[in-house]
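These are the structures in question, set out in turn.
After this come two complexes, each holding subunit A, first together with subunit B and then together with subunit C.
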Partner chain A sequence: MIKDHVMKRAGPWLRVVAGSASFALPTILGIVILNFLFLQLLPGDAVDVLAMRSGSATVESISALRVQTGLDQPLSGQLAAYLSRLAHFDLGVSTQYHLPVADIIAARLPDTLLLVGGALGLAVVLGLLLGSVMASLAGRWIDRMLSGLLMLIYSTPGFWIGLMMILLFSVKLGLFPSAGSATIGTRLSGLAALYDKAAHLIMPMTALSLFYTAVYARLVRATMIDVLRQDFILAARAKGLHPVTLIRRHAIRNALIPVVTVAGIHLGNLLGGAVVVETVFGWPGMGRLAFDALLSRDFPVLLGVLLLSSILVVAVNALADVLLGWLDPRILTE
Partner chain B sequence: MTAASGELLVIRDLVVERPGVRLLDSVALSIGKGETLSLVGESGCGKSLSALAILGLLPEGVRHARGEILFEDEDLARASPRRLRQIRGKSIGLVMQDPMSSLDPVLQIGAQMEEAIRTHLPLSARQARGRALELLDLAGVPEPLRRYGQYPHQLSGGLRQRVSIATAISCTPRLLIADEPTTALDVTTQVQVLDLLDRLRRELSMALLLITHDLSIVARRADKVCVMYAGRVVERAGVDDFFAHPRHPYSKGLLHSSLGAGTPLHHRFDRLPEITGSIASAAGQSGCPFAPRCDQAEAACGKTLSWPGTTDSRDHFSACLHPNPEESA
Partner chain C sequence: MERPMIASRKLGSPVKDGIAFFKESGYLSLTVGGAVFAAIVVTAAAARLLFPGDPTDMVTTPLLWPGQSGLFPLGTTSLGQDVAAGLVWGARASLQVGILAAAVGLLLGLVAGTLAGYCGGWIDAVLVRVIALFQTMPPFLLVVVIVAIDEPTLRTISLAIGLAGWPTVARLVRAQVRSLRQAEFVLAARCQGYGTTRIVLGEILPNALPPVIATVSVLVANAILMEAGLSFLDMGDPNIVSWGSMIGAARDTLRIDWYLAVLPGLAIALTVLSLNLVSDGLTEVLSPRRRAAP
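Our next item is the complex of A and B:
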C-alpha cells in the first residue's frame, strides 16, 4: 500500500522535474549567448589588459596575441567557436592564468557552494524560527523587538555588516579568523579541518544570510499570522493539540510554501551578493573569481562562471518546484 | 433554573465580552446525557461564540467575564489550559461549518485524524491507523483505505464533513458540538450528514449540541431547543412544546416566517424592520434587546433592567416581559 502510494506520487513529480528540464536547456543557451554579447560591450579585451600589465608590448606582439587567442576573429565567428567548444563540454582556457577554465572553476566551486548554500539554509532556518516566534506572539513586546531588529538588518548593507563583524569578532574578541577559507600553511585533517573550515565560514555565511533571514522572517510572520486565523487551526485546537504541536504540524508547513517559492528565486541574488562578501572576507569563491576575471577581461573564465551560476539557479529552482510539490499537494494533482 | 443531577453540560449566567461590548449576556442552558439540544438564532447572535466558550477557545480579544460552564460537574471556565486540552477532542468534539476550510490542505486525511487519536489515546502508530480506518468506515466514507491517504482537496464537501465528524468522534466524546454542520452542503448531502450525526449520537450515546439556522432541522432532530437573540437566550424549551406553544415574540416570528420551509432562517427576517447598529451592540444594554423589532413592545420593555424571564410548569423558559404566554403571534 505504501509502495503503491509512492508510485502514485512519483508520476506527477517526474512531470515537475521533466517540465523544469525542458525549460532549462533553451534558457541556459539563451543566457550564454546574451552574456557573450553583453561582454563585447565592455571597452577593451584581454589582450589590452595583458599589454597594459606587461608594459612592454609592441603592436606586433599585441596582434600576434590576438591571433593566438582568437580575438581577431569577427564576433559571430568567436561566438560560434565558443558554442561549439561548449557543446563538447569545453569551457576554454583562461587568458590570464593559461589554465583550463573548468579546472579553475572546479577549484573554487566547493567553497562557493558552501558559502551560498550555507547562507541560504541558515536564512531559511533562522527566518522560519524567528517568523514562527513572532507570529505566535504577534503584538507582544518580543514580536515588536524582533520586528525592529529585522528592519535594521533589512536596511543595512551586507558588506558593512561584514566589516563590523570582522572588527568585533576577529579584531576585538579574536573569536574567528577574519579572512580566507582555511588556515594557510597547516595540513589539517578530519575533525580539525572541519572545525577550521567552520570557523572561517561562520562570519561570511552569516553576513551573506542576514538580509535574507530578515526577508524570510517577515514573510513567515505574515503568512503564519494568516494561517493561524484559518478554520483548520481552530479545528486542530479543538482536537486538543498543544500550541507548539499546532505550529510544528500545521502552521510551519503552510508558511513554508511561500518561503520555498522565493528562496529558489533568491539563489541568483545570493550568488551576486557573494561577490561582495567574498571580497570583504577574502573567501576564495566564484564571486571573487568572476570579479577578477571581469577586471582582466578574462572572458572565458567570466563566461564559465556565469554559465555555471545559471545552471545552479535553474537546478535549484527545479529542486524548489519538487519541494513545493511535496509541501503543497494541491500543486501536483491540479 | 436548577440543574437536575445527571445533566452533562450546564451553563449558568455566562457572560462573554470584548472590551466595551458584551457579546454573550447571562446565557444559560443545559444538555442531558445523550440528548440533542439545538441552538438557533439569526447570524451574529452568539451561537458560535457559546460553542467556543465551552471549549475554552474564545477568539483573541474576547474573554469570559462571568458564569459557570459545568461539564460533568467540572467548571470549564476555570479549568487550566492543560486540563482544557485534555477535554478538547477527548470528551468534547467539534465539527465546524465549512468542511472546505476546516481541514489542513497540506496534510493527508489519515494524518489529521491520527493527530486527534494519538493526542488522547495510548495507541501505537499502527493501532491509530487502524482506528482511523475504522472511524472513516463508521462515518460512512466509502473506500476508507484510499481516502486515508488522500488530501482534503481530493474529497467532495460531503465527504470532507464526514471526515471532520469521524475525527471529532475519534475518542468517543460525551458531547459533540456541531456548528451549522450542514450549512455549506447541498440539500441531499445535508440530510445524509444529519442522519449520520443522529446515528452516531445513538450508537456512541453522546449528547449533541446542534447549532443551526434551520427550524425544520430543529423540529426533526432535536430534543430541546434554545433560541438566542443578541447574545441572550430568549426562549428555552422541549422541542414539541416549543413548536406547539412558542412563548417569546421573537420565536413566534421565527416560526411564523418559516412556514414556507426550506429557506434558511437568516433570510427570513427581511420583512421585519431593520434595527440600527449590529445586534451585538444591543447586547448588554438595559431593556429587552428585541423591543425595537417587537410588535407587542410596550414602554416597559425598553426600560426594565435585565428582566429575568419566566419558566412555566413545563420548564419552558421565555425572556419576555409579557405575562400571558398564550397571546397570539
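Our next item is the complex of A and C:
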C-alpha cells in the first residue's frame, strides 16, 4: 500500500527521468557514430601529422605507424573497434601525447566545468536579477538604460570583450592576471590557492557569460512583464506584499521557466564558445584541447571531448526537465 | 489583453502621439537598425571604389595611430596595412558569410520544420531526433570541424555556420506549422480540395512566417559573430581580410597598439547591433497582438 502510494507520487518524476534517458541514449550513440564518420572526411590523419612533424618519416615507418594506430583497418572495422572500446569505457590513446584520452580529458575537466558552469550560473543569476529589476521598473529610465546596455552586450563578440577586459583590468589597472588558470611556479594551498584561482577565473568567466546574461535578462524581463499583469499578482499586491517579496515569492518561479528551458540548450553553445575565450585567456580547458586535437588530427582526443560535451549537454537537459517539473508541476501531469 | 503602454499614453498633441507610437510600436528600432545596416551594406558594396588596392598590401609606415596621418585616418597595422581599408573590406566578408549562412540555415530549417510539423508521424519523430542531435553538439566545434574538412573559403565557412544554425529555425517552424495544421482556414482549404503543396505553401507558411522573419536577422547576426570567432582563431579564409582576423592579428600588440583590436571589434558590434535592432523591431511590428489591435 505504502509502496503504491510512493510510486504514485514518484510516478511523474520517474516518467520525466525515464523519458529523458530513453531520448538521451540513442542521441549519444548517434553523436558518437556521426562524429566518427565526420572526422573521416578530414583530409589527412594523425600519422600524416606525426610524419610531417618528425620530418624524417619513411614510407615504411608511416605504414608501421598506421598498423600500430589501427588506421590501416577499413572504416567499418575502425568504427566497430571504437564502439566496442567505448562500451568498456575506454576512450583510446591520444596519437599525439601517447596518453590515455580519459586521463588527458580528466586533467582538463575541472577547469572546464569551473569556466563553463560558472559562466552559465553567473548568466542565470545576473539575468534573473537584471530582468526582474527591468520588469518591475518597465518603461522607466533604469529599464531603458539597462535594455540598451544589454542590447549592446548581446551584439558584441565575447572574445573581444575578453580582450578589452585584459586591456583595462590587466594592462592598465593591473587588477587581474591576464592568462592561465593559476599562477605558475607557486605551490599555493588553502585560501591562497582559492583566491588565486578566482582571480584567474573572473575575467574569462565574465567574458563567456555576458552574452547569455543579456539573453536571459531580456527573456526574464519579457516573461515577468506578462506575469506581473496576472490576477494572482494583483491579489498578492492587494494584500500589501512588498514589491521585492512579490517578485521573489510569486513572479520569479514563472520567469525562470523559459530561462531553464533554453539554458540546457545553451550549454552546448557555451562549451563551443569556450574555445575562443580559452584561447584569449590561455585557460587550459576542453575547448582548446579539442581545437588543438583537430589541428593535429588527434581523433581519439577530439572524439572524446565531443562525446563528453554531448553527455554533459544531455545530462544538463535532463536536469532542466526535472527542474521544469518542479517549477511548474502542471508539466508533470501532461 | 490591454497593452499597458498604449493605455498609459496621455492624450496630447497629435505630433507627440505620433512620436510616442513610433517609439513604442517597434518602428523606431526597425528604422534605426535598418538605416545603419543599409549604410554598412552600401559601404561594403563600394569597397572597390573606396579602397581599390588589396587591403592586405603594405602601403605605408607600420603602426601609425589613428589621426597621425591624414591619408590613413584610422591608422595602420603592424604590417603597414591601412586599417580603414581593412575595415571596409572586412565588412564585405562579414556580410557575405552572414547572409549566405543565414540563407543556408533558413532553407534547411524551413524544409525540415515544415516537413516535421505538417507530416507528423515517423517523419516528425526522425526529424526531431536529428534536431536534438545537432543541438547536443557544441555548434562552434561543429563549425570548426566542418571548416577543417574542406578549404577555409567563405563558401565553406558560410555552409558550416548555416549547418550549425538550422535547428533553431526548424524548431520554430515546426511549432508554428503544427499549431496551424488543424486551423480552421486550413481545414477550409482542404475541403476546397486544395493539394498538399498549395495548402502548405499558400496557406500555412505565409501565416507561420512572421516569427521566422524576425529570426532571420538574428541568424545573420549570429553568423557574423561566429565568423569573427573563427577567423580570430586563424580558421578563416587566409586570402581575405575579416574583422575577426584583424582582431586576431592585433593580439600580439594589444598592450600598446590597442586601437588595432578596438576598431574591428566596434565594427562587429555596430553591425550586429543594427541587425538585432531590426529583429526586435520586426518582432514588435509583426506580433499578432499588434495586428489584432485596431
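Basically, the second predicted complex is superposed on the first by the 324 of 334 C-alpha atoms of A that agree within 3 Å, B and C clash if a C-alpha of one lies under 4 Å from a C-alpha of the other, contacts with A are read in each partner's own complex, and residues count from 1 in each chain.
Just so it is clear, a contact is a pair of C-beta atoms (placed from the backbone, for glycine too) under 8 Å apart; a residue touches a chain by one contact, two chains touch by 3 or more.
Small disclaimer: the values here were computed from a predicted structure and weren't measured.
Touch counts on subunit A: comparing subunit C and subunit B, the chain ahead is C. When the two structures are aligned on the shared chain, A:273 is found in touch with subunit C, with no touch to subunit B. Of the two partner chains, subunit B is the only one touched by A:234; subunit C is not. Contacts of A:327 after superposition on the shared chain: subunit B is touched, whereas subunit C is not. Put simply, subunit A touches subunit C in their complex at residues 23, 26-28, 30-31, 34-35, 38-39, 41-43, 139, 151-152, 154-157, 159-160, 163-164, 166-167, 171, 229, 265, 268-269, 271-273, 275-276, 279-280, 287, 290-291, 294-295, 302, 305-306, 309-310, 313-314.
Within the complex formed with subunit A, the subunit C residues making contact are 1, 4-5, 8, 129, 132-133, 135-145, 148-149, 221, 225, 228-229, 232-233, 244, 247, 251, 254-255, 258, 261-262, 265, 268-269, 272-273, 275-277, 280.
Interface residues of subunit B, counted against subunit A in their complex, comprise 55, 57, 85-90, 93-94, 96, 98, 101-107, 112, 115-116, 119-120, 145, 149, 151, 153-154, 164, 167-168. By the touch criterion stated above, subunit A contacts subunit B in their complex at residues 1, 5, 230-232, 234-242, 245, 249-250, 253-254, 257, 327-330, 333.
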